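See the structures that follow.
Note that chain A is present in both complexes that follow, paired respectively with chain B and with chain C.
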Partner chain A sequence: MPTLRVDGVRVTVPAGATVLAAARAAGAEIPTLCHHEGLEPWGGCRLCLVEISKPGWTGEGKIVTSCNYPAEDGLVVRTSGERVVATRRVVVDLLLARCPGTPLVQRLAREHGIEEASYEVNPEPTDCVLCGLCTRACDRMGVSAIASVSRGASRAIAPPFNQPPPDCIGCLACAEVCPTGHIAWSEADGRRTIWGRVFEMQRCEGCGRPHLTAAQAGWARARGAAEQDLRLCDACKREQLARTLRAVSRGETVAAQAAAS
Partner chain B sequence: MRIESGGAFEAHRRRVAEARVARRKTVLVCCGTGCLANGSAAVLDAFATRLTARGLNAELGVFVKKTGCHGCCQRGPLVVVEPGGTLYTKVQPRDVAEIVEKSIEHDETVTRLLYTDRKAGACTCQGDVPFYKHQTRIALRNIGRLDPRDIDDAIAHGAYAGLVRAVGHMTPEQVIDEVERSGLRGRGGAGFPTARKWRACRTAPGDRRFVVCNGDEGDPGAFKDRSLMEGDPHAIIEGMTIGAFAVGAHEGFIYVRDEYPLAVSTLTTAIGQARDRGLLGTNILGSGFDFDLRLSRGGGAFVCGESSALMRSIEGKVGEPRAKYVHATTRGLFDCPTVLNNVETWSVVGQIIHRGGEWFARLGTPLSKGTKAFSLVGKVANTGLVEVPMGTSLRTIVEEVGGGVLDGRPLKAVQTGGPSGGCVPESLLDLPVDYERLTEAGSMMGSGGLIVMDDRTCMVEVARYFLRFLTEESCGKCTPCREGLKQLLAIYEGIVAGRGRPGDVERIRTLAEGIRLGSLCELGRSAVNPLLSTLRYFGEEYRAHIERRACPAGTCRELTAYEIVHDGHPGRSAGVNGKRRGARAVQRPCNGCHVCVAACPVGAIAGERKRPHTIDQERCIGCGACYDACRVGAIRFFPKSERVAADADAAC
Partner chain C sequence: MAIVLRVVTERCNGCGNCEMACAFVHAQGTRPAQPRIQVLGRHASPGPGTPVLCLQCDEPACLEVCPSQALSRDETTGAIRLNEARCIRCRSCVAACPFGNVAWDAARHVVVKCDLCGGDPQCARFCPTGALLSSRTGILTCP
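Right after this comes the complex of A and B.
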């Protein structure tokens, strides 16, 4: 279990933890855009920069991204040194120039004392900060329906050939993790629309509400999901679990309870 | 034929080497990319035809060899006749009959095709040519001497001798110790000590290890790795096999950019031949050591020259860098311990093992040992491929090896290290080439591009050029590089187009610092070097562009106007620059020679022959072709803003 010092606070974290986790455990506030607990660290947005040094190092500390730097024993972390703040400020300023109308970016800018972007404002404003969360979530699901295309300034997130993505199952994982709400989707009349595709919804056998797309159910079935897991929506599953627990607490056997229901 | 042991190898080597010594004449035709582009394939054919016609063939001891790059690309197509090393330059198919008659059938020379320059005069032997005389060739030792498609020719020239020693007589630790003694540092540019990298990989936990060769040479103007891969592929294969033996790897990859088709085909042939000889594959030379190599072709992304992006590319993923807080020597290709070295690094390993680390360490400076290969390009008399001991001054490279600046113009700066490097001004030209010195000067060793710049090079434009290159090549994964370079480019495009604003320099500095500290990989972090180094040494040029709307070099079209000096010209501006040709610095009135009329791409110059000409300012696009073509120095340039002011005065 490595012990670090973050802004003067000693903190011990489990082996394998990142500096970001250690810093947050020590109470430091570090902004992030491309970080998600459920996904591998990526180090793309560069907001979580911190300055590190190790005993025996001479000269200036090293500027690293805390989200993917391993928490090592004896590490000294400064989360708001002058160079870190200045660099982070440039990053936020650049993001504001890219996404001038995006509330999340505007808030970040205000927090960093930026009223207006110092650089040429994007003539085609977008809400996409290119954090890569959507594509990584999609990959993590094992679907990989969308990807980043092109490179450099023309990099964008898109389905293949900008056509409705054939591999998409309409699970909404991409929209769920998007920090700015850039990924648009809608649901009406038992149909879900995302990335230009329309999915038929499957209804919950408990409450009758549409709860997952047929494509999603098929995808889960093909990977060995039990049919009973696909029948109920999350709310109904919770309710069922609650009923089970109540029955158990009253001393009824699970079998009897199941028979009763 | 498979070679089963070190002893069998030595017998084979002696046989093929002696066969070569017995040859009466060998014609080496350079078929490096530069000479091929200049028509050396036709020269090669002409030799074959002519020799057959004269009844000269292998039985009579006359051979023609298709070799890799000889180096002195400026004077290509190059032909060398051995023994004696007679160098013929700019050889055309029509010259072949004479070379065959004089140089092959008799021991005479074709004087008119010899290398000649003002200082050295005519040089008969390749070794006397200043371009070669000042070089020390280790990585390039055999390039231009051997046929890269013939493994026996390579063996006859000493290839695989280091491998025989390593697998036959040394332990992996001893190999690493030998490399450590040599002081070899990575030739890809960053200069990490090679032995330390190998040792880290060897001691990292894991069952599977890799060695990788980075042949994704993408810097504009750089071609030394290309020439190495095209001209001496066996040196690379040998180095990698020794490296694999040292770190305990059994698989290796050579990552080559697909824009190098000749390198791809030469390496493919070489790997196949090495397998046939048992120098790759299982039980190499009977040592029990197994190692094989595969070629991986890059798809044209500059960023894939960055080690972590390169490895992702080999894995079949999108070539994007990742944080290297955990080094590749611990978790690299396919998450296994990996050693990645540059083509040039691998090329010298065999020699270090064969001749000993101390031999290598005798060359160079205290911290940078051995030699360094460079692609010498730009405004230099002898463009080409050179290798000099570390510590050689940039001035020696440019003036002695390169033969000075093209057309005798004044030297302004030397750009080293490609888009990640910087511009070293003329005043620092005595700087020894060494990793630390170049970094202190705000540049870097880089992968070995040396671009010579004369007084007609605008340093703001140079920075803009590299910036644009990197803006296009940034992968776009991290915010500072993707967004920051784009914004920097916008500022620079404004400055060179006369839209510079006060505060631009400060904006550049702030952004550059953010990009340098904040970017994910070295592409972004070092992208600001061309900007910072030009700001450091040529700040005055920035001020001229921004404050006076003037380009002191006269190359920014939006800012520059040209005019022809007539007799009794009133001298509108004091003349931004005098014209220099050779040693003369002259500014003379137009003699009406008409050269500029032919040079102008838009027909903006009018005038009768032998009468002074004039430039139609409305039509002139400011390209400067007339200025460069004028033989008497009758054309001068001045800031367009002055012309506008003068026109306004005239209108009043």
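Right after this comes the complex of A and C.
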């Protein structure tokens, strides 16, 4: 278990932890944008920059992204030194130039003392901060329907060839993890639309409410979910459980599986 | 030893104290949470009801399908616990639970499920009729 010093505080973390986790455990506040505990660390937004050094290092410390830097024994971490703050400020400044109208970015800018972007403002403002949370969530699903396309200023997240993504299952995880609400989707008349693709929803066999896409049901089945458990929505499954419990309390013998189908 | 939470359906008078206790104990700030326990089958309120809540299955379907290891067994209480920070909100767990006891809170955009209150289920504590009984020993006699 490595022991580090973060802003003067000694902290011991489990092996394999990141500098970000160690710093947070030590009570430091580090802004992050692309970090998510359930996803692979990426180090893309560069907001989580810290300065590290080790005993024996000479000269200046190294500026690294804390979210994907391993917490090594003996590391000395500074989370708010002058260099860190200045570098982080540039990152936020650039982000504000890209997304001038995005509330989350505006808030970050304010927190970093930036009123206006010092760089040329994006002529086509977007709410996408390119944090890659959506693509990594999709990868985590094992679906990988969307990806980062192009480079430089025109970089964006999109399905292949900007066409409705054939692999998408319509689970909405991408839209849910997006920190700015940039990923639009809609649901009406038993259809769900996202990334330009229209999904026919599966209706609950109890109440008729459209509750998941057929592709989602297929995904869940492939991962061991039982067909019968996907036929009803959660509310109707609870009703079914209540009926089973009442039958049991009346002394009836109920096979749980039989009751569930 | 895991916590055992027993439901004695015929004792429920439908008062809804359990839902209330749950909503308050899981509240974020001042807003009560979506309760993890629900009293169903109340035709009149109050009136006899059936409390339903997570059964903390031995082989949990929710945990099986979760792609993100956001659900895990709490070794001390035996509860299947959700780590919100790991959850990617795919709601596969909601779809997979055979009993409907993993739900989606559309207001807070989080999955909600019973966590046995970390070992002291407040629903049982506030149940006036003994329809909900919790035990630390795993041995539960009906008082």
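A few notes on this one:
Criterion: the second predicted complex is superposed on the first by the 218 of 261 C-alpha atoms of A that agree within 3 Å, B and C clash if a C-alpha of one lies under 4 Å from a C-alpha of the other, contacts with A are read in each partner's own complex, and residues count from 1 in each chain.
We take it that a contact is a pair of C-beta atoms (placed from the backbone, for glycine too) under 8 Å apart; a residue touches a chain by one contact, two chains touch by 3 or more.
Computed from a prediction, not measured in an experiment: that's the story for all the values here.
In the superposition on chain A, A:Gly38 makes contact with chain C only, not with chain B. In the superposed pair of complexes, A:Gln240 makes contact with chain C only, with no contact to chain B. Shared-chain residue A:Thr180: touches no atom of chain B or chain C. In the overlay built on the shared chain, the residue A:Ala226 is in contact with chain C alone; chain B does not reach it. Contact with neither chain B nor chain C is seen for A:Gln106 once the two complexes are overlaid on the shared chain. Residue ranges on chain C touching chain A, taken from their complex, read 7-10, 38, 40-41, 50, 52, 61, 64-65, 67-70, 83, 85-92, 94-104, 109. Residue ranges of chain B in contact with chain A, taken from their complex: 301, 303, 318, 322-323, 325-326, 471-480, 482-487, 490, 507, 510-511, 513-515, 517-520. Taken together, the chain A residues at the contact with chain B in this complex read 43-47, 49, 63-65, 68-70, 83, 86-91, 94-95, 97-98, 118-120, 129-130, 132, 147-148, 150-155. Taken in their complex, chain A has these residues touching chain C: 36-39, 137, 140-142, 171-173, 176-177, 211-212, 216-217, 219-220, 223-226, 228-230, 232-243, 245-246, 248-249, 260.
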